[in-house]
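Report on one structure; see the data block that follows.
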Amino acid sequence: MEREWIDVITLAIVIVCAIGAINVKDLLGASILLGAYSFLMCILWAVMGAVDVAFTEATVGAGVSTVFCVAAVFHTTRRTKD
Amino acid sequence: MKILGWLTVLMCGALLIFNVSEFPDMGDANSPANSKQNLSEYFLKKAYHDTKVPNVVTAVLADYRGYDTMYETAVIFSAGLACFFLLRIFRKKGPKSRFYRHTPTGVTLRIDEGGKLPEESDVFKRIDSIWIPHDNIVRITCRLVVPFIQIFALYVIAHGHYSPGGGFQGGVLLGASIILIAVSNNLRAGIQRMSEKGAALMGSAGVLIYAGTAALCLLLGSQFLNYNALAKLLHIKPVVARYNGILIVEIGVALAVMAVMVWIYYNLSSAGKHDEGL
Amino acid sequence: MDMALILAKANYWGYVILLLIGLYALISKNNLVKKIIGMVIFQTAVILFYITIAVKKGGNIPITPHGKGYVVEAANFMNPLPHVLMLTAIVVGVATLGVALALAIKVYKQYGTLEEDEINAMIREQ
Amino acid sequence: MSTHYPALIIVVPLLTAVIVAAVGWINKKYCFPLSVASLAASLLSSIGLLFEVMKTNGEVVYRFAGWEAPMGIVYNIDYLNSLVLIVVTAVALINLIFSKGSIENDFPDKEGVFYALYILFTTGLVGMVATGDAFNLYVLLEIASLTGYALLGIGNERSPLSTLNYLFIGTIGATFYLLGVGYIYIATGTLNMAEIALIIPKLPNVGIIKFAFVICMVGLFVKMALFPMHGWLPNAYSNAPSSSIGLIAPLTTKVTVYIMVRAGITIFTPEFTFEKMHLDKWIVWLSVIGIVMGSCFALAQKNYKKMLTYIVVAEVGYMVGGFWLGNKLGITGSILHIVNDAAMTLCVFMAAGIFSYKIGDHISDFKGLFKKMPFTMTAFAVGGLSIIGVPPTCGFFSKWYLVSGGIEAVKATGSIGALAFIVALLFSSLVNAVLFFRIFEVAHFEPFSEGHGHEGHSAVEINEAPLGMLIPFFIVAFSLIFLGIFSGDIVSNIINQFIPVLPAGI
Amino acid sequence: METVYSIKPFLAVLISLCVVPIIISSRTENIREGWTFAAAIIKFLIIASMLPIILSGGNLEFTIAQIMPAVSIKFKVDAFGLLFALVSSFLWIITSIYSIGYMRSLNEHSQTRYFAFFALSLCAAVGVAFSANFFTMYLFYEMLSFATYPLVTHHQDKESRTSGRKYLFYILGSSIAFLIPAMLITFSYSGTMEFASQGFMQNVPPELLLILLFMFVFGFAKCGIMPLHSWLPAAMVAPTPVSALLHAVAVVKVGVFCVIRVITNVFGTDLLAKYGYNDYICYIAAFTIITASLIALSQDGLKRRLAFSTIGQLSYIILGVALLSKNAVMASMLHIAMHAFGKITLFFCAGAIYASTKIKNISDMVGIGRRMPITMGCFFIGSLSVIGLPPTGGIISKWYLVLGTLEADKIFLLVVLLVSSLLNAAYFLPVVYKAFFCTEEETMFEKGVKEPPIWCVVPLVITAGISLIMFFYPQPFLQLADLAVNSLGVK
């Protein structure tokens, strides 16, 4: 049962992060939130026993993807209307 | 656009939620996906027997469904190619003035055309523009961390048979270590470690190792990707050949992924100009 | 709908919500990078769905102990197949992300903005 | 080697793409011959494979990594696969030879990478067509999509934005497909297409499968630009460079239609697709609207490339509608149209390549072309007539089967949708006639004005296209007639062998 | 009835196709026209050589390819087809001679294209004549539409552009909108396309049958039936030889030929008679006859007047076959030939007048007979033939038609025929009258105006002569028509 609760709580935070990432009015912040989202997601998957996937998500989603996003935002603009 | 978005979302949401109730419960070991068919059971029970790899995910990834994984590598490789193709701008002539930093003092020198260029060394470092920050703490910390990251990455690659991880994760870690150098110093420092051409060739080499191994099996008279064929070549048992085949393939994946990650980063972070970076 | 049903299928609900968040951002957002972020969320939602399929109650991570005479009981381990598939899907995700960002950078170079309505206005003026 | 054809078709291009990408950094000279050689090898293997299929009476099985069906990835090559494989490889090969000049012209620094992307795209499509595994299809779909984005995004100044939009839509489509595969996996526990087809009829509860079906189809419809999900296509295609559009426009939508046919018949079984889903009427209506809208929008265009893109949208409607008529003639027409439309679209887009190289894209620029480039225009005229559907070009015959299928459906069920489909087909043929004769008129009547053409092109002398372009162009134009005359053989020897016995009453 | 498997029909169709590349690539005018001429003669000889077999009651067959299951490209020569092929291939020879004179004297541009597409059109026309099934017929019908387009728009000016549009819109539009669906519905019900002597539509429900009949008749818009007729006057912008051969013989006759084929060999006369659907077609045709004649009266342009006359005459043919009686069907077959010779003479004359005087309007032709007596003499013979007066061939077909209406017991249609003959006379004879019967002072022409070049005169004399000969010696055509009608089993 404990595992399920960890699961549900993490999932809730993940959803909050996702909503944050698409609603924050600053692209750099959104990128970072996306990184956080990925990292939490990776925890969620680790809890669910998918260690390989979690590992990949940690390196790719939370790591490289965020760097890519930040790099792109640096080369474009942080400004956004929505 | 907003209304359209909501409409689509509501429609999809209604459909999806309507269907969730038909799903088997979470964690149901008797759902068709998990038990009724023999797939899950087969892999768990037979993978070690077939390949001598205890990490079932690795075994399935690189052997049973190795064909998928080859394309996974090809996907990442084509992403590298695509970023390069879309963004890269080759500058025909260099900029008129060059910038050098005197490392011990942190003073930046601008040398216009015709001026004498200092020899590059630890004292004078070429940089791309005057404002490139210079922070010893960040730089040195990263320098300290990078070797550990790389060793860990190699471990992940090599130990993928027994623990979570494998070529892909290790490759990303290796790439990340170089990206870290590029982030903490500047892009030029990264490119010095791994040039663009090097990255491109290494990416090709990685995919080539994978697809080449697979094709070698075909040439040896077996099916594509059937590592059993390597047994004849290496004079080992077929099962061990599978084990080794997986290792070779994982190394290929790691090489390709590392190179491509770095390559994509180069292009994204400089918008294809390969000058300033972040 | 009682609590047990929600809990028993928590991840499925979660995946639906994430999918919808991503889809909404993809369709309705005006900023291109926001759309890309929505796309990433959209893809990860599906990955979450697959991982949820693989869960077996009380299951272990799919690394089988080995030794002479050890018999693997399949119900004790997570289903490895969805994990394998999702490794590939993650890679596809990051590859798509890279290409999308590259295109976004090109768009920005062209128009000096990432807002779609502003760009469309510019195109119409031409 | 003949047992390895299924692998060779895909592996040779893949390996070559990787090698070409590397060789491009060392010596660009070798890129083109290597690419041509690999695609030619792929084409030869696919022809060989077709004969192999005929010899083995319908199915060639290839087990990758030596594993049996549900465990490993297995190719089950049947008539349909091998037919579409030939189309894909042939189109890719011919267009590659055709666009050599413009590739060198457009991407002087990135030639090697362009060739690599080009071949990878082809590999992706070929893999999608050949594969017998639902998930493997997704991976290959993504390869084709990613390389496709790169090839499209490098066109004129508007291409990055339109390609980015395509990327979003494409990702939605592909992800929906992936989700659908997940649903299938939940319900059946396998990913192998043949296995799924065996399990579905035995399932007690088909709710999930129904949903999986819907979501897969939605994904595919998005990818193939069926109305109302067609918005991305015209922009993305008309802004692209001509060398890549000659590859992408003929193949992408057609391969996606192929997947739809494969999904409808092989994965979900015809009983399920046509009897249990009750979607056929709706989708036929969608395709009807798609055909009419595509044709109408095409009429409004002054830019030749853009006009063609709307024709592509309408043609998608042909194929989708034909398939969903749910009878043998309709499905035959749909499959035949995959082949014919690939050739036709290739032909007219090649013409677009020549035009934009020599003159420009606006129809009003095409003045006096019949005099200036008679051979090019002759081949172009064949392409145009084929799209209109004039016998004996191939466009006529696929329309023949499609309309016959519609008549059958009206006869069997009295469905108004099928009637509307027939009317829409005829309407679109008329519109196509107007479209192409408008161009012929301009090229035939208007006197040639010297010194026109936009900047950057003024240096190009307007005369026949170079021989390197003209010969492939003529081969394609000739193949239109060839396919038309031999369509009976194609249908009876290949397509009819594939179509299973359909359930009665539809 | 014996059926001979022979490649001859295929050769006859192919010969003009083969000559196209030679025409395109020839260096000088003389070589080009020499080849055209040679092809025309060879074609005629091949077709004529089939005559004995047909007259002895046999058929020739040749299959090129099986396009689809149950659908093939196949030739079959029967009496009716041969009749039409003979006329059109013979007139190609004559028109080739005339073209040389006409085109050269007017210094027309793009003559190579002109001759090439002319050859293509003839290929298609004979292809239609020899088709053994509906599909083959449709194939060549469409080919004819496209091959004629460059000829119609030969002048490449604004007027020809509008006409070309109109031409394509009517011809292509009707064939896509009516013909293709009708063909496919027929095929879907009957499962065959082969022409049969009593048709193959027995399985079609009667309501659909009527719709199909209308779709077929209007689908073949080349037959110029109202309201789909207005492409024909528009197409008169083409050079006169084109109007002469194509819009008096090949194209429009292909239209009516197809209608006859459909009514006799697709529907079958018995089937139509059973439901009485033929009446509708009769009335449409009658309406067309009268209306077209009235419009022709008001036309001042000579070629336009001829065009409307053609529309009316074509409907005679349709009327004939729609009457479904033996004599009437025979009349319509005969009329194809008779009208062809008469009308082509008239067109040749119009062209000759234009070539030497650049005059197009009838009101400007007062006294032209004094300057160009041969031309106008032939014009007179031609008009007699079209009106249907002795001593020309026109009377024969008209006679049978009148017999046919009596046989079918349709007095109303008989009245229509007589009225229209009067109208025909009313719009042709004044032209002749004005041309000859005027004083020297009234003439609108200088003394210097002479007959056109010999290349133009000879053909029109020949065709006028044949019109006359047909009156005295109509046996070959009569015999062919008789054979055709008998093989159809019309009662």
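What to note about this one:
Each chain gets a letter, A, B, C, D and E, in the order it is written, and its residues are counted from 1.
Criterion: a contact is a pair of C-beta atoms (placed from the backbone, for glycine too) under 8 Å apart; a residue touches a chain by one contact, two chains touch by 3 or more.
As the structure is a computational prediction, the values presented were derived from the model and not from experiment.
Shared contact partners of chain C and chain E comprise D. Among the remaining chains, those touching chain B as well as chain C are A, D.
Chain centroids computed from C-alpha atoms place D closest to the centre of all protein C-alpha atoms shown. Chain pairs B-D and D-E differ in how many C-beta pairs are in contact, and the one with more is B-D.
Look at where the CA atoms of chain B average out and do the same for chain E: the two points lie 75 Å apart.
Chain A and chain D, compared by their mean Cα positions, are separated by 37 Å.
Computed centre separation for the pair chain C/chain D is 28 angstrom, with centres defined by C-alpha atoms. Note on chain placement: the centre of chain A and the centre of chain E lie 78 Å apart, centres being C-alpha means.
In chain A, 51-52, 56, 60, 64, 68, 71-72, 75 are the positions where the chain touches two or more neighbouring chains simultaneously. Annotation for chain C: residues touching 2 or more other chains are 10-11, 19, 23-24, 30, 52-55, 59, 61-63, 81-83, 85, 87-88, 91-92, 94-96, 98-99, 101-106. Looking at chain B, one finds that residues 23, 31, 33-35, 39-40, 43, 55, 57, 61, 65, 68, 71-72, 75, 78-79, 82, 86, 164, 168, 264, 268, 271 touch two or more other chains.
Interfaces, counted as pairs of touching chains, are A-B, A-C, B-C, B-D, C-D, D-E.
On the side of chain C, the complex with chain B involves touching residues 5, 8-13, 16, 19-20, 23-24, 27-28, 30, 52-59, 61-66, 72, 74-75, 77, 79-85, 87-88, 91-92, 94-96, 98-99, 101-103, 105-106, 109. By the touch rule above, chain E contacts chain D in their complex via residues 65-69, 71, 138-139, 142-143, 146, 150, 153, 156-157, 160-161, 164-165, 168, 172-173, 176-177, 180-181, 184-185, 187-189.
Per the touch definition, chain A reaches chain C in the complex via residues 4, 7-8, 11, 14-15, 18-19, 21-22, 27, 30-31, 34, 37-38, 41, 44-45, 48-53, 56-57, 60-61, 64-65, 68-69, 71-73, 75-77, 79-82. Residues 385, 389-392, 397, 399-400, 403-404, 407-408, 411, 422, 426, 429-430, 433, 437, 441, 444-445, 485, 487-488, 491-492 of chain D are the ones touching chain E in the complex. Across the interface of their complex, chain D is touched by residues 19, 23, 26, 32, 35, 39, 42-43, 46, 49-50, 53, 81-82, 85, 88-89, 92, 95-96, 99-100, 102-104, 106-107, 110-111, 116, 119, 123 of chain C.
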